[in-house]
Every structure is written in C-alpha cells, then in structure tokens.
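Working notes, structure below.
Which chain is which? They are A, B, C and D, in the order written, and residues in each are numbered from 1.
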Amino acid sequence: MPFKTIGLIGKPAHEGANKSLNAILDFLRIKGCRIIVETKVSDRLNGNGFEIAELEDIGKQADLAIVVGGDGNMLGAARILAKHDVAVVGVNRGNLGFLTDINPDDFEHQLECIFNGECVKEQRFILQVEVYRKGQLQSTNSAINEVVLHHEKVAHMMEFEVYIDDNFVFSQRSDGLIVATPTGSTAYSLSGGGPILTPNLDALTLVPMFPHTLSSRPIVVDANSIIKSKISFDNTANLQVSCDSHIALTVEPGDEIYIKKNQDRLSLIHPKDYNYFNVLRTKLGWGSKLY
Amino acid sequence: MPFKTIGLIGKPAHEGANKSLNAILDFLRIKGCRIIVETKVSDRLNGNGFEIAELEDIGKQADLAIVVGGDGNMLGAARILAKHDVAVVGVNRGNLGFLTDINPDDFEHQLECIFNGECVKEQRFILQVEVYRKGQLQSTNSAINEVVLHHEKVAHMMEFEVYIDDNFVFSQRSDGLIVATPTGSTAYSLSGGGPILTPNLDALTLVPMFPHTLSSRPIVVDANSIIKSKISFDNTANLQVSCDSHIALTVEPGDEIYIKKNQDRLSLIHPKDYNYFNVLRTKLGWGSKLY
Amino acid sequence: MPFKTIGLIGKPAHEGANKSLNAILDFLRIKGCRIIVETKVSDRLNGNGFEIAELEDIGKQADLAIVVGGDGNMLGAARILAKHDVAVVGVNRGNLGFLTDINPDDFEHQLECIFNGECVKEQRFILQVEVYRKGQLQSTNSAINEVVLHHEKVAHMMEFEVYIDDNFVFSQRSDGLIVATPTGSTAYSLSGGGPILTPNLDALTLVPMFPHTLSSRPIVVDANSIIKSKISFDNTANLQVSCDSHIALTVEPGDEIYIKKNQDRLSLIHPKDYNYFNVLRTKLGWGSKLY
Amino acid sequence: MPFKTIGLIGKPAHEGANKSLNAILDFLRIKGCRIIVETKVSDRLNGNGFEIAELEDIGKQADLAIVVGGDGNMLGAARILAKHDVAVVGVNRGNLGFLTDINPDDFEHQLECIFNGECVKEQRFILQVEVYRKGQLQSTNSAINEVVLHHEKVAHMMEFEVYIDDNFVFSQRSDGLIVATPTGSTAYSLSGGGPILTPNLDALTLVPMFPHTLSSRPIVVDANSIIKSKISFDNTANLQVSCDSHIALTVEPGDEIYIKKNQDRLSLIHPKDYNYFNVLRTKLGWGSKLY
C-alpha cells in the first residue's frame, strides 16, 4: 500500500462535506492508516483514532492528503501542500470540480482503487509571484490557478507595462491582467475570454481584463518565461495582485511584479478512469459522441 | 559568406514587388552569388546573370530563398521550400508582414547584415493534414499557418467529432474548425477569436468557427498531439479541408481527418534587430513603452 | 373561433414530423376546419378531408398556418407566408425551436387554447435585400433571421464598405458581414459573437465575420435604417448574399447591396404561457431562479 | 445669439485644460456673454469679468455649459447638468473624446459656429439607479454611460437574478453586470464585449462581467424597460452599484436594484460637421473609405 499516513482536509461547517469526512474517516480506520485531520474540521469528526494538525504539518507528514470540498477548498489546501512531498486527491462537495474529481457517493470504490495503486498521477506546475518596490522584494506568494493584477476597485482602469523574459511586450490600460496556468485556464481566465490549455502543456496564458485597446488579445507563452509587469507611476491609487482570489498582495505605483514558475509542483491523484476531456466536456456542456 | 546560391521569389505582376526584385537582383550580382529566379517572375527581371527554375528546384539548390511580397506569397513559397534545406527570408511588399519582415526601403543594409551572419535564425514547425476515406489515405498536404475544416458553403453548419491522441474531446455543430500553429495564431485564427501563441511554443490551437454551442472555446494543445476529426455521416453535402486558404482538399461525410506536425520545418531568417513582440505590438496597435 | 382555414406545413420525410402532422390533421378534422396541406408533405398524410396546395396559396387562403419541424422549416415557410395575411404557429420537431414553441407531445391542449383565442400574438419584422449592379436592381429577396454578405468560399477575405442611411461607417476586410433581426439575433449572429436583441426591439445588429481589424465590433442600429454595402472592385472572385442560409444571391465586385425592413411582417402565434426569456434561458443554459 | 449665459467647467490642475479655459474665457468676454466659472477651476483663470459658482448653480443659470477635459470630466459634469435646462458642449483635453468633440486647437471657429446656431443638437437619455433594502429606497443616483453592479473586490464572484419588466431573465454567478446606454456602449461596456448602440437607439445593453456560465451573452433591450436585479442572500460580503465609475452605492445581500430611464435628458451640442460614425471609426481604427 503506497499511502500510509493520510491527511484529511475539508470545508468546515458544510453538512455534505462533514458527512463525507466522517465516512472517509471510517474507511481509513478500517484500512489501518495513520490519520491526521486538519484542525479546523476536527471538531466535526466523530470518534477518535486520529491526530489533529495544521495544514502545513499534514503536508510534512502525510503521503496522501484527501481534500473534501469544492475547487476553492482544493486551491487553498494545494497552495500549502505543494511545498511538501505529498499526493493530493479531491472529493467533490462543491460546485465545479475540475480538481475534485472523486464523486462522494462512490468514494469507497475509488479510494480503494487509489490505495491499490490503480490511479492516475499527475504533476501540475504552480506560479510564484513577487512584488518588488524600489528594487526590494516586498511580498511573495504562490498560485495554483492564476495570478491577477488589478485595481483595488472594480471597473477602475490601471496602467502597466508587460515584459516577457525582459522583452517589452505591451503597455496597457485595462482593469488588470490575468496570468493563468493550464490548471487555472478553466477557471477565472476562461470567464474572461482566455483559451483552455490542456494540463500537460508547459505554458501560461496572459488575459487582459476589460482592455481599453480593443485589439488586445490573450497570449499563450512558454511556462518557463518570466513575466514582469511594471506598474505605471500614473496610477492614482493602490493596486493588488491576487493569487487564486484567496490572497491579495498590495501593489503601489512604480512597483515591479514578477510572475514565474514556482519550483514546487502539485502532485494530483485521479481515479484510474479519469479523463480530462470528459471532465471538460461535461462541465462546459460540449457535444458528446455522435454514434 | 554562409549563403552562396540564392533563390529569388516574388509576387508576379505587382509593381512594388518587381521593383524590389530587380533591386535585390542587382545587389546579389554585386555579391557574386549564384542566382536562381522563380519562373513566374523571371520575365519581370532585367538583364541577365541568373538562372530560372520552379520553386521546387529553388528549394533543392538554394541556400537562401528571398521572397518578395506579402504573407500570402511567403506562405505559398514556404509550404514548398520547407521540404528542403533552405533558409527563407521575406521582403515585405504586401499588407501585413508577420513573416516578411525586411523593409523594402532598407533591404540592402538588412541583407548585408544577413550575408554577414548578423541575423536571427528560427525554425517554425508546420502541419500535415491527411484525409482518410474508408481507411484509405485520400489526400494530404501541409500548412504553415492553419488547417481549416469547413463546409464548402459559408454559413452552413457541419457536424464532426474531435479526438486528441485518440481521446474523444467533443462533437460539434459549427461552420468548422481552425487548427493553427503559433505562426498561424496571428492570422485567420486570431480573427476567429483564437489566442496568440508565441513562436517558440510547441503548441497548436483549435478554434471553433461559429459554434452552435455557445460554451465552445479555443483550446491549446501540445503540438505533438495527433488531432483527428471524424466527419459525421449526417452532413448533407461535401466539406473541405483548407491549408493556409491556398489549398482545398475535398472531404465527404464519414471521412477522418488527421492533423499533426509535419516532419519538415521552415527555416526563417530575420534581420538581427528582429523582435517578435515589436512586430505584434505594431501590427495590432498595442500600447508602447510608457516612459 | 378566429381560425377557420388552416394550412398544414411540414418537414417532409421526417418520421416525428409526419406523426405530428397526422395527429394535427385529426385534431383539425374534429374541429371542422377547412384544411389545406402543403403539397410536399401531402403524400404522408392519412385519410382525406383536406385540400392540397403550394405554400404561396396556403398564404393566400389560410387564417392560420401550422408549421411542423425545426426553426429551419419555419424560416423557409415564414419567408413566403409573411407576404400574406396569415398567422403562423410552430410545432417543434427539430433541434432548436426559438420559433417553433409548441411541444408536439402536448399540441392538442395548446392548439385548443389557441383556437379559443388564449394565445400571444406577435409581429416580427423581416428584412429585404436588394443587389444593384451598375445602378440596376439585379436581384432581391427577404430574410426572417439574417442577411449574410460573404465570399463564395469559406475563409476567404472580402473587402467592402458599409453605409448607414448614407453615412459612411467603415470599410472592412473580413469573411463577411451578418445583418440580423431580433428574431435572427439568437441564431447565426449569436454564434458569431453578436448580441441578443429582444423581439420587441426595433433594431438590427451588424456583426463582422472574422474581421481583419481586431477592433471591429457588433453594432446595433435602428431597424428603420437603410444599410448599404458597396463591394470593392478589388475582390478577386464572386461573392454572395445569403438570406437565412436558404437563398443565395450572386454578388460581383462593384455591386451595391441594400438591406432594409421589408414592408411585410410575420404574424407569430405563441401558446398563452409563452415567455421569450424562458425560451432563451432554457436554450442557452442560463441560471434559473435562485429561491 | 441663442446662448447668453455660459458656464465654464474644467479639469482642475491640468495644464492643457487651463490653457483652453483661459482662451475660451477670452473668447466669451469678446462675445459679451455672462460667464459663470465652476468654483474648482476658478483660481486658474486669469483676469476678471466672470462669476464663480458650483456646478449645480451653473446648471440652473447657464444656457450653455462648456466642459474642458476628457470624457471623464464630461460625465461628471453631465450627471449634474442633465437635471437642468442647459446645453452642454465638450472641448477635448483628455484621452478619448467620444463626448468632447471640439478640438482645442480650433475651438474658436467651432464655438463661433455654435454661437451662430450652426451646430447639431442631440438629446441623450440617462439612467436612474435605485437600491431598495427590505422594500425601502436606500439610495439613488444617475448615470450617463453605465450602471455597474459588482462585488467590492475584483475577481470575486457574486450571485444575482435579473428581471426585465418583472419577467425573470436569468440568475447569474459572475463578477457583475454592466447596464449601459448607447452613450456608454462605446466605453466600459465595449471593453467587456458589449455591442455598440448608435446614439439614436432607444435601447440598453446588459453585459455580464466574467460570467461563470460560458453561454452568457450581451442582451439589448428596450430603454423603457425596468431592469431589476435581486441580490442573492448567499453573497458573502458587500457589493456595490457604480454610476459611470464615479459614484458607488453600497449593496447588501437581499437588496433589489432598479435601473431605468431617468426623466432627465442630456442636451449635447456638437460642431456642425459632427458625425458619430467618423468619431467611432477614428477612435476604433476601423477602415476608411476605399476609393
């Protein structure tokens, strides 16, 4: 059995998620695994036979982390877990589920397969964003889906330059810029008109938000590029860089934002019958087989 | 001098192109190159001191082919030249000029640099399309920019399935499908809402044309994928596959279309100060440097 | 009873449509209506007690025309029927059904209501297109959904100017131009990125097809405007104007195309519970009520 | 002379605007007009011979208000001036200039024509937005360009229902919704993918912002419709309604937002050679006449 220490992570105060967490706990007890439950959901779990720890410590100790919730919960957990050598699998208790592909009604069979090694393992690269002010690193964070540079206020234009590997690409007046990974290309970036990048693609997409110049278009670049944005001094107020809509770093006029591949990778585990295009087709309502 | 035998290729019956062709001919005579002129423009060239040959033979014999015209002329020449070991450079006498980046007013200086080895060499991959009928290869061709599957008639819907590396992706009712290279991503695909792929990206984009399902979106996939389209038997009339809008292969209901990387590459030569993003920014009217 | 003479029109050689046609025929016999069946479906109808006529004559004689089929069948019939004083209702035996809103499984109840006057009556305006060559009217036709100006060949650019009420608006190099009514705004125009115009709006939308200039955008104008397109002499081949993708008029370089409101109106009858936004929301998969 | 009392309004602390304001002041002195200068720019104006007043009072007393600045300045002034019986004309000292169409380098000739009655007068309708909480009117304001409903934070989804004249249209999870007038259809709405509505059109466009459902599309509706948005109780934080990006009203989960035509109209004066399509074509870089 490849997975001995299992982390259990979830959406707190969500009835369906709690139900799944307890059922998975029972399953793991029978398996005889060492079980570590995330502190913030531990008071919803029945019985005993499990340790309690923060997400960071689960990352350090577990072989496998099971995240119960929606893609939002997965993103929050994955940003931390990706720093450690732990596989991650999602049980869907939310709306979308590009990342949480285990059906909660059938989790036993699917986890059984995964414990038997009948599963698909996948590495997803993630982003690192760094904010420099007058040449000094001001703040940094990571993103699974996307980094978004934007005004603090909606529908307020900002002005910035974009460089790729030190080549000047464009200056832009817009509501902001989305830089998305293939994983994030089916999330916010897609709503903003960005293309879908298949997960195996080593590429990023840059998608302008409400650009003033109507010929602005999404660009897809090598994921090993360093994307730099120089924030114009003419911006009249503070700006932000968001990671996965969870974390916001403050940006001031004149700052330089660097976005590049993080050295960490997210290790995702899928059920053995996982097929990216099936998920995509189902979620987006695309046409199924003709015959 | 790296280039000894030079092919001279052009847009026939175009005054500006003829002027440039003659001026380049003079330049090459002074250089002492062996010069081979494409048959269809040879009667516009003054004096002598050059051989005449078809494009295919220029590809076989020349070290460098100089194409004078617009991107359309370059595409036509490049589809043939890419089969051979010959570098290609374009002198712009057309509208757009993503591929023909030598300014005709300054060609002498730029060609001089190129002959001195002060230039940027670049390999662009190209596409191969194959039409299979009842399991038999029916026709095949190659494309620099894009392969377009479509109805013979505009504004008529067709129905087909798409597979990537034998994984079913979607079925679609639409006017057709564009499969574009990075080179082609700034051409027809862009007009149809496709993303821009930087030339160094080993990727393709699939862009639906007037899709009936409104959630259809451009997808970007690994360029080493094999794209297969199965044409529905329910299509009421003949269809086509176009290569760079120049070549049209007939497609019938029930056919299978394979689109993949061609083994040939196009060797492009650019002036030393060539910068892809400068070209892009200028052509699309994007914002220039702020300070 | 407001409707005494009923026309019965359908999709020939379609099993479901034939079944509905016969069932409606039975219903009408019981009602004691005078029944006129369109010639091309008459051999599929059982028994007797009905006259047979061409569509044009049904338009002249019937008070109500019942069209069984998809939106395509409705469009074909409506272009003819709109010339006459006849109400039209659709029974859906096709894919989409923006215009054919009677459910075939429940037609009796719905037709019963309509015969009792419990229905929604609506007038939809339609388009007139005229092709002028050297100042002479060359051909003309009408369209319920849209007029499309385009190259005979897919993915071939054409060049033209557009005037609105003799004001020059733009010249464009593109695959063509869609001019759609509110009725057509949920059809081809929508696939091409055009906006949805509610049926009560006295407006037209002009939607560019694969425009070369990336800042080209859909425009919505007063439906009482006269749209003129001057076809550039520089187009290298013949072009076309299509009406509802059914009728194609030949266009040559130098021609002038006029598009304006037709004096005829289409009189549509809907079931009394008809709600345009319900249809729209269902067809497009938009979100339903939250509580 | 139709205009006797002239209001002078401007962009404070902008060198070019100040220069134009002083030049116009000289022009008006020679004309012998009664001149009222907006308080906030009055200290930049040289000499005397003018009164000083707030915008609201200029609206009450002036026949003509001259706004010097960009479209942003015009919007700010026009929201106030539209309440009163005063014509408004713009002198462009900003970036865009859809509303400020007098060229500052040639203002004398153009104002001269306008004072001689050689000008184009136009009425533009404007929007009224009302926020209701538990059935009580909470706040209200007006907008020339657009009303935007959105989350306080960028890239955060909100949930709401939309009704048109009490007909339920859709529920939506998105970053928000833009409701734009024809005047606003070339501003923020256009950047978000909305259509251009010609100024004479009595219509509004509703444009979704980063909609979660990919089949969401811009809709164009009769401008006499009442647009209602019911804000879901499930939104986790406060939201906002913005008018022309200048004014923000706070919105809470459960609120109802009404957007409808304001009874006031904006009276715009243009130079006699004004042509909407010329402005549009120039601003958007569309193709000019072919011959």
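Here is the rule we use: a residue touches a chain if its C-beta (ideal position, glycine included) is under 8 Å from a C-beta of that chain, and two chains touch if they have at least 3 such contacts.
All values reported here derive from a predicted model rather than from experimental measurement.
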Return the chains common to the contact lists of chain A and chain B.
C, D
Farthest chain from chain A, going by the mean of C-alpha atoms per chain?
C
Larger contact count among A-C and C-D belongs to C-D
For chain A versus chain D, what separation do you get between their C-alpha means, in angstrom?
39
If you average the Cα atoms of chain A and of chain C to get two centres, how far apart are those centres in Å?
46
Expressed in whole Å, how far the mean CA point of chain C lies from that of chain D is 37
Two or more other chains in contact with one residue: find those residues in chain D.
190, 213-215, 217, 284-285
So with touch defined the way it is at the top, what topology do the chains form here? Options are line, ring, star, complete, other.
complete
Quick check on the complex: what are the chain A residues that touch chain D?
148, 150-156, 174-176, 188, 190-193, 210-212, 214-215, 240, 242, 245, 248, 284-285
For the chain B and chain D complex, residues of the former touching the latter:
213-215, 217, 285
Quick one: in the complex, what on chain B touches chain A?
159, 161, 164, 167-173, 190, 194-198, 200-201, 203, 205, 213, 215-222, 230, 232, 234, 275-277, 280-281, 284-290
